[in-house]
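These notes open a run of structures that come right after.
Both of the next two complexes hold chain A, though its partner changes from chain B to chain C.
Let's look at the complex of A and B:
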């Protein structure tokens, strides 16, 4: 196996090698298949969904039938159509939130770790205090203050993720700050931006990649939870967590409208974590 | 040990300070006219202004923060604007119910997670480990509300052996109706067992690979003796502190579970306060949760240093 001398001294596999190992992990492949299934569902929703997701198309709280494959909800909307359209929401919001958080968190971590001194001390103490603050409260306060919407869901999840990412990146940067390639860049008179973006950033790629995968799973988990608590995307647009929220009081009448989106969400989070797990396993030296 | 405690205290204070500012800012952004909210739509504007002045909601932000935190420290948390009750007793009673739920959950989590994690760690890479690890991953990845919905379907709707709602009449204690505690506690446990079991597994694998265990093997001690006498105690260090470090995770679970089962805890109180824009309850509840989280994490830090002496000098 091709390896690369890692900054920490141990040999770690290169990305293609990790992907090859990922391909050999049955659990990882299963995860990839499930994610692929939902991505296809999201892409094809306009063509595959039998009904418009927000239209009242039949009698309420029906079980599965040839007309409504997964039944209808409490208002008589088609559960399958809402499930398919709802896939778009979660598959768009989770990566957006994680991407924003990774960019801001990496920037803070790079600057804090490289500059050091008082700046680093202040930023990291605040950072650690934020990590100690319960995530669910952060969500609750942000969304109570700004109102439930897709944008605010992304904002809340990104905000809650930034401190953790900043801490990971800072840790790597601190270990590299005094290394030859950084010192020689300083000697050449390179600008701060050059050193941060060209010399240091590539070295945090691997820890960030593993972190991104884990966070994607957690962001998906959180988006579902926020939807369930009534803090997610406002009705009537389909949202998996929101579907469970409005369906749960009808549980004794018809379970389909509640159980279907609940299981769909769980399958997506499990799948993402299976990939993250296999990836972490493959990335181990 | 004392030195370490003293070193950690400023950070603890900072955590509380940052949390309180965060809570205050977030809840003060709420576009609420408190006086209007309390007096209703048809109250005269003068009365609303007078009440706002009396409550101090027309003061500058920094001054309001100073007043709020000063009062909170002296135990005066104000009155709920939606329930018209003093906030202090209200949140304490609800927090007590949440604590009952947390303890019931933990009493299920610990034995299962530690046993499953130990078995997985000792059989790393073989069939029992693979099965336990996969189940753990599925359990940790399944949101509380999904587990809750599935448990409700099976036990409350299909078999009808447990109550579907854990709502209590008046100020009744959850312990007076134990059947209402079962599903919330099991839901909390199922989600966290997976996580703690994974920690225990990793910890066990590390300990079993350490030189002193190899030495014990070479001396010919029995496998049972090695596991129970030598390995287990050291392997427990990580999971025990991890459980305390991840009190945030537990709090998140509790809030969601209380919402699923209408369990009258602090989380449910805060969710309804958020919906009713009841700022005093929201602020006080968040502050209490943040305080509990910070104290637990401080204790976890100290406990870890106490269990692993070499960390003491490294940290100090």
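Let's look at the complex of A and C:
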């Protein structure tokens, strides 16, 4: 039995309804299955990987065999083992970067949209300045300035994502700030914090959730790109983008070294986008 | 009997939805005779619009239809797609709700009209233009050639409505179906659109089906009326019969909900209809109205009564029609209201308040728009002051300025005799407790993502100073005071009706026992029965707490019902002010008079002659010299109106009119058309008219 205390509580729950509708989407379920597969691979890598990922375990540039299921790379390391271990870095870095970006972007968008005026003007022009940079150039600038490391990859991706998120949130907030429920909160003397966090934030959950998923796919892809450019995990640690890069030079000898990590990356990005599409359907009120 | 253009027999329409079969029409039998104006009236959700679309054979793929609908002896429901296309527009044309949505915003008006004409009659070029222009003239759109070059958003709501009507007439239909053509329009524009319908029927001989929840509009325009409830026709008859002698309790209850400007305030109280419409997904057991009916007896639960003729021009679906006939629609005496404002404490006063907007002109240059131009007013404790005027009169800007939501640009605002800042953010904390507001749009007054009771809860904490379990108790008490079950607080706002949401907004505003509540058009989007309910709860809270109300509305009937004082605004200025009885009995400012004459009374016997206002509201951004009303005034004197601002003249105790015409020469609005006055309820001994004139 619910008591009256309840309506002092939080917002109307959103996730259960979305998950229910996600369950009805076949494409969404397929995406979820692929993501689950990679999550399990990352978690179970120490037990299922046949060899240590950085050890030279056989002849170089071999195709698949019973000993090396996905072949070996240019130094004679097992591609399957490196692939499984490499999952960990992608699945850790992409969500971290996106989560940081969403939190900062949403806060900027809420404040900018609600307060308006000069504050909004200044913030949004800075935003535009950041958006004007080609994303890849922004990544390179930030990593060049801070030095290549996993932390700086996260920072670069987060920084490049913040302006877009702030813009989305600001747009929703601007359309809401003259509505009766916001005016009423102002008239009863609610604090700025209350209006932003309790009245407005729940109303940007839907666009934010969909944006998070779309951005997660993009961030995954970006991490692959940065790895390919040699800006990902420092060698010899396994990194999907780095594996593609080292394989490219041996394409004529063995395509496996390139194809395997590339396909893995593509499958993860497509799977996340499938979930995002299903969420977008489900998030409609 | 004359030939029936439309013959509908036992028509049922069910919609297959996610939640099951929705019964939109539950067996409707009806004839529309060539040349008549038939009014279709009822609350939202009664099946009016479905009936309208059935006449076009356009019910959507999920509709399950039973019964017969014939147009000129041909079954609409059995037509092929090609036959339907041939019929629509040329035999039956529909004017859909909200004309703004019916026009394509990305195409010029002329192109849209030409396209429709080409589809119907293959006319092109100069011939087409000539046809369109003559039709636009017929619907009184000035300068048709120029209008055709313009975009839909450049027209006013009234012009858009005329345009959509013209568009529907391009195919020369025999039957014109209008769905809520006056909803959302100002009274002056509404009156003009209704006049237009009468003219079209006379000149073009077109048969009209007018769907509306506005009983006044129906009474003014229609020959015959059908009253719908829960997908059924519960009463049918000539307009004179239905409005004077309703024989179904639903019709009677609806009529009692309508606030009347022709009755003194002491003679009317909002009388809401209790309960809700029956569940549209459930089958009916017994009479559909029984659970809300004051006349219901045990036999009413047996079956839905058939629509049976009770006289030559009247049919009703009620087993107790004879008993209902015995009680005519009579004003119920309300509580006597004491108005002795002289010694009461002043709650709010504004002096020379200005609100200006900087606007960018469409063709270069900018300007200053004075939304509020030196308005002064004061409000005593417990007093209800109504601010009336058309849209664009500045009444909502005035409300926002007093509330501090849109800070004023000049002038002074005193609350409780203390000068307060223009901006809400910079006002002292006590003002929030002192002054609260109820907003216009019920769809956005509650946060869609939070529980419905949440904002009352917060208001009780912040303004009522309650803590702990006292919050719950006070919230529950407030909800009960506006007639809501306290468990409603847990529901999502989207699960509540408009009336329920607006009642929560009222409870929230009264949470801190404010001295002054501003109500900005709070009932404009609600059905009459719901409106009566909302007004009744507002009034009971206001009286119990001795709160002052600043009630902003364009509905003069509601004003008559609740206001002590009236302020009439035009283009940001006050053109008349005074005690309600004085304003309703006159003499009046020419603008007030036009407003009063435009109101359609729900009594065909009391329709007044009205002089339509010339043209639309002038562009408020233009610089004004002289009287703001000069461009539309039917009594314009001459150059003095153009050059000199009119003086504020006294027309009696606290009644003042801003006009160059001396008060003695201004008319009283109450000029019934000679010969048409038939007293609605002579037996009751209450003469509606003497009630007003005697004030």
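Observations, loosely collected:
Throughout what follows, the second predicted complex is superposed on the first by the 261 of 285 C-alpha atoms of A that agree within 3 Å, B and C clash if a C-alpha of one lies under 4 Å from a C-alpha of the other, contacts with A are read in each partner's own complex, and residues count from 1 in each chain.
What we mean here is this: contacts are C-beta pairs under 8 Å (C-beta built on N, C-alpha and C of every residue); 3 or more make two chains touch, one makes a residue touch a chain.
What you see is a predicted model; the values in this text were computed from it and never measured.
In the overlay built on the shared chain, the residue A:140 is in contact with chain B alone; chain C does not reach it. Legend: residue contacts after superposition of the two complexes on their common chain; A:269 is shown touching chain B, with no touch to chain C. Contacts of A:244 after superposition: chain B is touched, whereas chain C is not reached.
Once the two complexes are overlaid on the shared chain, A:203 sits against chain C while remaining clear of chain B. Counting the residues of chain A that each partner touches, chain B and chain C differ, and the larger count belongs to B.
In the superposition on chain A, no contact is made by A:118 with either chain B or chain C. Contacts of A:217 after superposition on the shared chain: chain B is touched, whereas chain C is not. Of the two partner chains placed by the overlay, only chain C lies in contact with A:179; chain B stays clear of it.
In the superposition on chain A, contact of A:188 is made with chain C only, not with chain B. Annotation: chain A has no residue touching chain B in one complex and chain C in the other. Residues 2-9, 11-12, 14, 179-181, 183-190, 198-199, 202-203, 205, 285 of chain A are the ones touching chain C in the complex. Residues 11, 14-15, 17-19, 22-23, 26-27, 29-30, 134, 137-138, 140-146, 149-150, 152-153, 156-157, 164, 247-248, 251-252, 255-256, 259-260, 267, 270-271, 274-275, 277, 282, 286, 289-290, 293-294, 297 of chain B are the ones that touch chain A when the two sit in their complex. Chain contact summary for the complex, chain C toward chain A: residues 403, 405, 424-425, 429, 432, 435-437, 439-441, 444-455, 457-459, 462-463, 471-472, 475-476, 486, 489-490, 492, 494, 505, 508, 511-512.
Remark: chain A residues 27, 125-126, 128-130, 132-138, 140-146, 217, 221, 224-225, 228-231, 241, 244, 248, 251-252, 255, 258-259, 262-263, 265-266, 269-270, 272-274, 277 touch chain B in the complex.
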